[in-house]
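Shared chain: chain A. Partners: chain B in the first complex, chain C in the second.
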Partner chain A sequence: MKRISLLVSLIPLLLLSSCGDKLELEQHAYAVVIGLDTNDEDDNLIDVTFQIANPQVGSTDTGAAANEPPSDIVTFTTPDLLSAKELANSVITRKISFDHLNTIIVGEKLAKTPLFHHIIASAMIDPEIRLENTLLVSKEKASDFIDANIPKLETRPHKYYFYMRQRWRDTGFVPLSDLNRYFQRLSGDLYLAIYATTEKNEEVRKNEDHYVAGQIPQKSGDPVQMMGSAVFKNGKMIGILTGEETRMSLLLRQKPLSHYAIQSFTDPINNDYRISTQIMMNGKTRVKIDASSDIPDIKVTVPIKVQVFSNPSLTNYTTNLKHQETLKQSIKNELEQIAKDLIQKTQEEFKAEPFLWYLEARRQFWTNHEYEKYNWSEKYSNANVDVKFDVKIESFGAQMKPEVIRDTGKD
Partner chain B sequence: MSIFEKNQKANEEKPTQSNQQQEPESLSDDILLNISKLKTVFSFPANNALKIRNLYLPLYEKNVTVLFIEGTVDGHLIDTTIIEPLQKKPNSPLPKIDFISMLITTVLVTSTTKIITTLDDATMDLLNGNTIILVGEEPCAISVETAKFENRSVSEPTTETTIIGPKAAFNESAAVNRSLLRKQLRNPDFICETVKIGKQSSQQVSVMYLKNIADEAIVNNVKKRLKDIETDTVLTLSQVDQYIEERSYSLFPTTLMTERPDRAASFVLEGHVILIMENSPTALVAPTTFWSFIQTVEDQYLRMPHGNFIRIIRLVALMIALLMPALYIAVTTFHSGMIPTDLLLSIAATRERIPFPVFIEILIMEVSFEILREAGVRVPNTLGPTIGIVGALILGQAAVEANLVSPILVVIVSITGLASFTVPDVSFNITVRILRFVFLFVAYLFGFFGMAIVAAFLMAYLVSMKSFGVPFFAPLSPHLPSSKDLMTRPPIKKQWLRPLSMSPNQKVRSSKPKGMQNDD
Partner chain C sequence: MIKIIDDKLGTREFTSVVLIAIGMKVTDSTPSLLYEKGANAAWIIPFFYLITIGIPFLVLLSLLKKHEKGLVDLLFHLTGKVGGTLICFILSLLIFFSATTSSRSYIAIANTLFYPKTPVIILTFALLITSFLVAKRGLTAIGSVSWFIIPTLEFLLLILLVSVWKDAHLLSIFPIAGPGLSTLIKESLNHSSIIGEIIILAAFFPFVRSYKNYQVASLLGLGITLFKMSLFLAIYVMVFDYPSTVNMAYPHQELTRIAEFGAGFTHVEGGFFIFWIIASIFRLAIYLYLTAFLLGGALRMDKFEKLLLPLVGLVALSGLLPENEFIMGSYRDLLNKIGSWTFISLPFLLWFLSKLKGGKKNNETDKSAC
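The block that comes next holds the complex of A and B.
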C-alpha cells in the first residue's frame, strides 16, 4: 500500500516538470535563413530578416497548401537578434524556432562595423543558434538578398543553401565558413566568409576564376552569385578576395579542405589559348616556419597533381617531352605568381594571414605566453614568404596511342 | 528501488504444512468389498465411467474382476492381453507358485504389470489408464498398463517456426514429448524424474535433466518449487510455470516455454532443467536467462556469419519494437533539431491538419495495432481475411485521409509492429509491447532524458533479477566464462565451454580448440 501511494504521489511531480511548456512540431515557425543589416536611420539598431519555411509547400503532397508561398520573409528593426525573435511573434502566428536555422546572411555594410561582432556573439546565448550555421556576406543589404534569392530549381529555401554548401566545399571558389570557424579566428588571423550577391556587374575575363560575386557573366538562371570571400579581421570585415585568391588561400593551408579543383592556365606554347586542368593535392601542404628572429621565414611547399582536361590549342603535349616540361614550368610559375600576389596582398592590405600558418608558428614556442608575446600576426606582415609548387603532371588529356614503355635500364 | 523489489514467493517461506498422513486403506481379501469400495470412489453407477467385467476362470477355478475407466484405456489391448490369456489354456505347465505371481509371470502377456495393495493406488492407476485385476480371496490386485488417451500426432511447430532444422513439435501427450526428447538425447544420464502436483486430481510433472551436467542445486530448487505447489488441480504447464516463478508481478518472464524438442534438448545440454506435463504441448525450461528470449535455434543451425546476421537483425528489431514510437515522440516534441529539415517540414505540414497532440495520435495508432493483433489471434479462422482488410484500413490510408494520423506515423507504427514480431518468445514479446507504452509515456513527458532514466531503471531491475538462482543477464553480467553465445555467437567449434552461470558439473563440451587464447 505504501508503495502504491508513493507511486501515486509521484504522478503530479511528472506533470509539474518543466517540460509542460513544450510545443508540438507544427506549432513552431522554423526560420531557415536570417539576414542582418544595419538600420538606415539608427546605426545602433539592426534590421533582422527572417526567412521562415512554409512546411505546406514543397514538402509533401498530403499536407500541401496550394496558394501559399514557400517561405515567409519578414524584417524587424531591433537592437539585437534575440529581441527580434521575440518581437517576431507579434506578426508571426507560430513560435519562432532557430532549430533549423541554416544560414546567417550579413549585409556588407553591417559586416564592416564593429556592431556585427557584438550582435553575433551575443546571439550565441540562444542554444538554438548552432555553430555549424553558415555565415555569408552579401554585397547588398541582406534583406534585399533574401528577397531576391528565388532559386529556380529549389522551392524550399533551406534546400538551396544545403546544396550550395556542398558545392562550395568541392570547388573552393568560396571558403567553408561557419560560425565555429568565425569564433576560432578572432584573434589576429583572417577569417574568410562566403561572399555573395544578387547585384550583377558583369565583366568577361579570360581567367575563369578571377571574379568576385556579381562579376560572373551569366545569362538567366538563379539570381545569386557566390564567388570569392569576405575577409574578416577581429570580427570586422576588411576586404574581399576573388575566387582565385580564395582558392589559393585554401590551397596554402596545411590541411586543404578542397581536394580537387578545375582551373585553367595560359597555354605556354600558344598564349591565345588556355589549358584547363584538374588540380589535386598530392599529399599535404608543407609549411616550415622559422620564428626565431623578428622577421620570420616561411617556406611553403604545395604538392599538386595536374590532369590536363582540355587543350583547345591542340599543341602536342601528349608525346612531346619538351612541351611537357614547358607546360609544367608554366603552371608552376603561374601558381607561384598567384600565391605571391595573394601573400603580398595579405601582408600589405590585411596585415594578417588566412592560411592558418599561425598553427605552425605557435608550435615554435614552448609556451602560449611566448607565442603571444611574439605577436605573430604583426610579424607576419614583414615575413619572408617563399611558396613553391611541386607540380606533377599526371596526364595530358585525350590519349590516342598507348604509351610506349621505355626500358630505363635501371632494373 | 524498493518498489522493484520482488515479492518473494510466499510458499517458499512458509513452513510446509504437515500433511495429515493417513494410513492408506489396503485392499481386503474380500473381492466384493474391494469392488464396492472402488464403486463408491467412482460413484458407480451414477458415473458410468468405471467398467467392471466379472470373469470366472474354470481353468484355475477362480473368480476374477477386471476394472478399467472408459476413455483411458485401449479396449483392444485389454481383450488381447488380459481377457484372452486368462481364459485360454496355457501351453506350458503352470509353475507351482501363488496365483497372483503365476498370473503375472506366465499368463499376462503385457509389458508392464505390477502388484498393488492399497485402494488409493488402485484408484490412481485406474485414472491413469491401467486395468486393475482383482482376484478373489487375495488382498492385492494386479495393475496392467493399458493406457491409451486420445492424442493428435506429432506436427510442425506453429509458433517457433524455422526455415531449416527439425520440424517436429511437442504435442499434448507427455509420453510423446518425452520420447521426442529421448530421440534427441540418447544418453543414460538423461534423467526423468516425476513429481506429483495438485492435491485433488494429482498430475505428474516430468523433471528432465542431464545428471552429469545439470547443477544439483538448480534441479532440487525446481523440484522443491514443484512440490510446494498447493492447489487442488493444475491443468497445464503454463499454470505450473506461474506457480513456480519467483516474481508474479514482474513484466519479465523467468521461464521459457518451447515447443521444439531440439531447442529443449539444447537447453538440457547446457544444464537446464526441462519440465514436461500431460496436456501441455510445450516444454518448460528453467532457469532462463535474457538471451534465451532473443535467440532462436536457427541462429545455431545456420553458419556462423549467417546466424549472427539474423541475430543482429533481431536485436535491432527488438530495439525498434521497444523504442521507435518513443524516439519519434521525443524527437518531435523536444529535440526537433535532430530531424533533417526536409523531414521536419513534411511532418509539420501533415501535422498541421491533425487535431490531436502527437502523443494521442501515436496512442490511437498503437492501441489500434494492439487491438488488431489480439483480434487476429481470437478471430475464428473463417473470418481471418476480414481482419486483414479492416486492419489495413485502420492502420493505413484511411486513417491518414481522415486526418486522424500523419502518414509518417503509419510508417512508425508499422515498422514497430513488424519489428515486434521478430521477438521469438511469446511472453517476452508481450513484455516488449507493454514496455513500449512505458517508454512512450516518459518520452512524451521528458524526451530523451526520460527515456534514459527509464532505460537505466530497467537495466538495474533486469540485472538484479534471478531465475532459479541464475542472474537474468548471466553470463554477461555478472560476467562468467561462457562460449559467448550471447548477442552474437562464435563459430560452433569455439563453443567448447558451457555457460558457467549454470554451474554445470561438466564445464566443457570438448577440449579447448587449438589457437584459442584463454577464454575470459
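The block that comes next holds the complex of A and C.
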C-alpha cells in the first residue's frame, strides 16, 4: 500500500518533464531572422518580417522537398513583435518559434524613431528573445533587405548570418552588436550596430576602408554589403560611421574584440601607392582619464603590431632602415589622424563616445550619484583627447627585397 | 575505508546542507533584491555580512560549545518554557515564509523561462511534492544527497563563469561605492536575513556528529557562500552592466542563456536548469524540514516529521495566494527586515541570558530532548 501511494505521488513529477510545454520539432517553424520596420500608414505600428527556415533544405532529407525554397518570408503589421508572432500563425501552419533566432534587422527609418526602443525593450519580456541576438541596421526597409538577401553559396539563411558574424570579428569593419551590448549602453553612451544594405550606391575610393555599406564597388556576387556601423544614442539611431571609423572605435576600446585587420596606408616614399598591412593589437589599449575638472583629460595609447603584406611601390623597406623608420612614422601619423578625426566627429556630431571610455571614467568616482552628476557624455564633448599609437613593424613578408625591374637603359 | 555508521551528519554533509540552503540564493531572485538599492556595488554587501551575521554567529557558536545543545534546546534552556515556545514559533514562522517566497520565486523562474504554458498550480505541486518526499527521508538522507550533488553544482557554476568570461567587463563594477557606503551598510543590515538563516540552521546541531564538525562545516559553508555571492553579484554586473542588472528579475538564468561553448554550442541553459531545479528541490526540502523541526520544538512534539505534510500543503497554498511573484515584494522586504533583526539580536540575547544564568547553578530540569 505504501509503495503504491508513493508511486501515485510521483506522478506529478512527470509533469515536470514538460508535458505542458512539450515541443515537437516537427510542429515548429523556426524564425531565424526578424525584420522590423515602421509602418507607412500608422506611426505606432511596425511591420514585422519573419524569415522562416526550411529545415529540409540543405539536409539529407532534401529528396522529399526538392522544390521547396530554403526559407519563407512573411511580413505582418502589428503593434509589437509578440503579437506578430501570434498573428503569423494565421498564415503559417506550424508554430513560430524564436529558439533559433540569431539576427534582428531594423530598418534605418525605424531605428531613427523613439518607437524602436519601446519595441525592442518590450520584446525582451519574451524569454525566447535572447540577449545574444545580433542587431543589424539596414539602410533600406528591413523587409526589402531580407527579400533581397539571397546569398549564392549559403542556401540556409542561419548559416549565412552565422558565418558573417564570424568574419565580422576578424575585419573589424563592423562592430559586434548584440542586444546585451545595446541594453548596456543606453545612458548617454554610443552603441554601434552593424550597418548593412543591399542597395548599391557605388563609389570608387582609394582607401579601401573608407566606405559605408552600399558604397563598395562590387561586380556580381552576393547582394548584401556589411560595412560601417549605425550609431545609437539613448536607444535612437543618430548617425553612421564608415568601416574605417568603426574599426578605429574598436581599436580605441580597452577590451578589443577584433584580433587582426588588414589595412592600407599611403606609401610615404611614393605617395601614388598604398601599402597593405595587417595590423594587430600588441597588448591592450591603455586609457587614462582625468575627470577631476570640468574639462576631462583623456590619454589613450594604442599598441599595434604591423605586418607589411604588399608594397606596390616596390620601395625597399626591408633592408633600408631609414625607409623603415619613415614608414613607421607615417603609419603612426596616419592612424593618429584617423583617430583624431573620429574623436572630433563624435565630440561634435554625436556628443558622446562609442569607445567605452565611460567605464574608465566611472572608476574615478566614489558613488553613482557623483558620476551621474558629472554627466560624462556632456563633459566628453569638450574633453582634451590625446591618442598615441605605439607602432611596431613586425615583419615584411617572405621577401628580403622587392623584385625591381632594373632599368638598364639599353632598350 | 570503514566509517562509523550512525544517523548523524559529518562535516562535508553539513557543509553541503549549508551550501544548498543559503549558497543557492545567489542563483534565484535574491540578487535583484540586493541590486535594487545596492546597484552596481551589491557585491560588497556580502563583505558586510561578515560583520553583521558573522559576529552574531560566532557568539552563537560559543554558546553551542558551552551548552552542547541545539538551538531549540538552547532556547528552552535559556529563556524558559514560554520564551522558548514563543521564539521557536517565531523562527519557524520566518523560515516558513522564507520557504513560501522562495518556492514561489522558483516556480516563477521555471514558469517564465522554461515552462510558459504549464499552469503554475501544477508546477507548484510538482516541485513541493518532490521536496516533501525528499524531506520525509530525514535530514541524514538530505545531508548525504546534498554532499552527492554539491560538487556538480559548484563545478557548473565555475563552468558558467568561464563561459561568460569573454563578455565580462571588469571595469563595470565601478564606481566602487555604488549608491554610497551608508546605503550599502543599511541594505546589508536590512537584508541580513538572506545569510542570517545560518543562525537558524543551528537548530540542526543535534543532527551533526560533534561540535567540531558543526563548527568547521558551518564556518566553511558560510565562507564559501559569502565568497560565491560576492563573486556572482559582481559577475552579473560585469556582464550585463548597471543599470541593466537592476531590471533583470533572474540574472542567473539570464547568464546561463548567454553562456556558450564556442560558436556552435549555444543555448545551454537547459543543462544548467536541470541541476538548478534539483538543487532547489533539496533546498526547499531542507527548509520544510527546518520549519517542521522548529514547529515541533515549539509544540514540544517528538514526532515532528508528522508536521511535514500539513506544512507542505500550507507552503503550496500560501505560495499560490499572490497572483504573481512581484506582489509579494513589499511583504518580502518587511519579512527580511524583521528576520534580519531577529537573527542579529537572537545570539546576543541568548549570550546575555547565558551569562546571567552562568552565576547561579543551573537546576532547571531539562525536558527538551527532541
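To be clear about the criterion, the second predicted complex is superposed on the first by the 379 of 411 C-alpha atoms of A that agree within 3 Å, B and C clash if a C-alpha of one lies under 4 Å from a C-alpha of the other, contacts with A are read in each partner's own complex, and residues count from 1 in each chain.
Here is the rule we go by: a contact is a pair of C-beta atoms (placed from the backbone, for glycine too) under 8 Å apart; a residue touches a chain by one contact, two chains touch by 3 or more.
These numbers were taken from a predicted model, which means no experiment stands behind them.
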**Message:** Under the stated touch criterion, which partner chain does A:K255 make contact with: chain B (first), chain C (second), both, or neither?
**Reply:** second
TODO: Give one of first, second, both or neither to describe whether A:R363 is in contact with chain B, with chain C, with both, or with none.
DONE: second
Who does A:L314 touch here: chain B (first), chain C (second), both, or neither?
neither
Touching partner for A:Q56 - first (chain B), second (chain C), both, neither: first
Thinking of the overlay built on chain A, is A:V8 touched by chain B (first), by chain C (second), by both, or by neither?
neither
With both complexes superposed on chain A, which partner does A:D99 reach: first (chain B), second (chain C), both or neither?
both
According to the stated criteria, A:K159 is in contact with first (chain B), second (chain C), both, or neither; which is it? first
Overlap of the chain B and chain C interfaces on chain A comprises residues 6, 15, 19, 99, 130, 162
So, in the complex, the side of chain B touching chain A is made of residues 2-3, 332-334, 336-337, 341-342, 344-353, 357-358, 400, 406-407, 445-447
So, in the complex, the side of chain A touching chain C is made of residues 6, 9-10, 12-13, 15-16, 18-21, 99, 127, 130-132, 162, 165-166, 180, 183-184, 187, 254-255, 356, 359-360, 362-363, 365-371
Note: in the complex, chain C contacts chain A through residues 39-40, 112-119, 122-123, 125-127, 129-130, 133, 167, 169, 171-172, 174-180, 239-244, 254, 257-258, 260, 263, 266-267, 277
The residues of chain A that touch chain B in their complex are 3, 6-7, 14-15, 17, 19, 22-26, 28, 30, 32, 53, 55-56, 59-60, 62-64, 97, 99-100, 102, 128, 130, 156, 158-159, 162
